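Lettered A, B, C, D, E and F in written order, each chain numbered from 1.
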Amino acid sequence: MADAWLTTLITDTPQQGFELAIALSRRGVKYTQPDAEVLHKLRPEYSTSSHELTAASQVIAINFQTVAAANNYWRK
Amino acid sequence: MADAWLTTLITDTPQQGFELAIALSRRGVKYTQPDAEVLHKLRPEYSTSSHELTAASQVIAINFQTVAAANNYWRK
Amino acid sequence: MADAWLTTLITDTPQQGFELAIALSRRGVKYTQPDAEVLHKLRPEYSTSSHELTAASQVIAINFQTVAAANNYWRK
Amino acid sequence: MADAWLTTLITDTPQQGFELAIALSRRGVKYTQPDAEVLHKLRPEYSTSSHELTAASQVIAINFQTVAAANNYWRK
Amino acid sequence: MADAWLTTLITDTPQQGFELAIALSRRGVKYTQPDAEVLHKLRPEYSTSSHELTAASQVIAINFQTVAAANNYWRK
Amino acid sequence: MADAWLTTLITDTPQQGFELAIALSRRGVKYTQPDAEVLHKLRPEYSTSSHELTAASQVIAINFQTVAAANNYWRK
C-alpha cells in the first residue's frame, strides 16, 4: 500500500477520533486480505452475525483507546 | 452518520461514564451494520447467549477504560 | 437503570477493587440483557463451561485494570 | 468470600508478580463459579485444549499488565 | 531466529507505525509456527474468513497501541 | 515452579523484549498445564490452526505491551 492513508492520529473531535478508529480497524483487515472482491463477498457473512459485529466493535474499541490517548482525550 | 453523537468523553459521574462506554460499544456495531432492522432481528440471538453477553460486556469494559482515563477516573 | 450504582471507582483495598471489577463486568451483561429471568436461565450454561468461565475472568481482568489505575494501585 | 486474599499488588520480584497474576485469573473464575467440585470436573476439559490454554494465558497476561504497572515494572 | 528484525519501535509516521504493528503480529505467528510452508497452506483458510480477519485486525490493533505509545503518538 | 525464570523485565533490545513476551505467554500456558507431555501432544493441534496461531500472537502482543512499557519502549 504505497498511498499515504495515515498521516496523523490527531482529530478535532472525539467523534472524528472514533471514525478514525473504525478506519484503522478496517485497514487491519485490508492489509491481511487486500483483495477487495473477497472482502466484499465476506460482508454479508459478518454484518449479519451478532458474534462478528461484537468482535468488530471490540477492535474499534481497542483502536479508539489509541486515538483517544493520542488526542489527550480531547480534554479542554 | 452526519449527526454529532460524541462531542466529549467527559461525564459527571463514573456511572454516566459507564453508560457512555455502552453507547460507544453500540456505535461500533452500528457503524459496521447500519441497518436498524437487521440489528433488531439479531437482538434475540445475542441477548440470550451467555457467550455473546460476556463478549458484549468485554467491549464495554474496553471502552470504559478509555472513558475512565479521559475523566482521570473521577478522582476528587 | 435510574438507580445510582456507581458513584466512585475508589476502594479501600485491592480486594474490594477486584470485587468492584466483578460488579462492573456483571453490569455490562445486565445493560445488554436487563431481564433477570433470562439471565437466571443462562447461569447454568456459562458457569459450567470452562470456556465461558475463562471469558468471564477476562472481562473482570480488564475492568480490574481500570479500577486499579483509578486507585493508583493502592500503593502506600 | 469473606477472607482477605488480596491485600496488596506489590511483589518483590517480577516472577512473584506473574504468579499473582495467575492467582487473580483463577479468582475471576472462582467468583463466577464458587463450587470447587464443579471447577474440579472442568479441569480436564480446559487443561487439554490448546484453545482454552491460550485463553487462560491471555487472562494471565492482562492481569500481569496490572500487577507490573503497580510495581512500576520492578525497575531498580 | 538469529537475525535482527526489530531494532527500534520508533517510526517516522503513524502509517509506518501501523505497518510495524502488522509485522509484529506476523512475527508472533512465525515464532509459534516457524515452518513457512505450513503457514502458506493456512493462508487461504484465514484470509477468507471474516472471523479470522477480524481477529488478525485485533492483534494489529493491540500491537499498534504499543508502537503508538513508543512514538508518543507522533505528536508534533 | 521453584526455579527463578523471571528476574527482570528489562532487555537490551526490542527484539529481546519480544522474545521475553513469547516466554511469558508460554509460561502462562505451562502454569495452567504443567505436564510437558500433554503440551507436546497439543502442539500439532494449535500450530496448524490459523485461529490458534492468531490467538497465540494476541497473547504475545499483550505481554509485549507490558515488556515494552517496562523498558520505556527502548527510547534512546
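Quick note on the criterion: contacts are C-beta pairs under 8 Å (C-beta built on N, C-alpha and C of every residue); 3 or more make two chains touch, one makes a residue touch a chain.
Remember, it's a predicted structure, so these values are computed and weren't measured experimentally.
Participant: Touching both chain C and chain E, which chains are there?
Facilitator: Both chain C and chain E are touched by no common chain, going by the contact rule given at the top.
Participant: Just grab the chain with the largest centre-to-centre distance to chain B, centres being mean Cα coordinates.
Facilitator: Ranked by distance of C-alpha centres from chain B, the top chain is F.
Participant: Between chain C and chain D, two touching copies, which fits better, same or different residues at the interface, with half of the numbers shared as the threshold?
Facilitator: Both copies touch with mostly different residues.
Participant: Quick check: how many Å separate the C-alpha centres of chain A and chain B?
Facilitator: 16
Participant: For chain A and chain C, let me know how many angstrom lie between their CA-based centres, rounded off.
Facilitator: So the centre of chain A lies 27 Å away from the centre of chain C.
Participant: Which residues of chain B are in contact with two or more other chains?
Facilitator: Residues 46, 49, 51, 55-56, 58, 62, 65, 69.
Participant: Ring chains in order, chain A leading off, chain B next?
Facilitator: A, B, C, D, F, E
Participant: Residue numbers of chain C touching chain B in their complex, please.
Facilitator: Result: residues 4-10, 24-29, 31-33, 38, 42, 45-46, 51-52, 55-56, 58-59, 62-63, 65-66, 69-70 of chain C touch chain B.
Participant: What residues on chain A touch chain B, complex-wise?
Facilitator: Against chain B, the touching part of chain A is residues 13-15, 18-19, 22, 46-51, 53-58, 60-62, 64-65, 68-69, 73-75.
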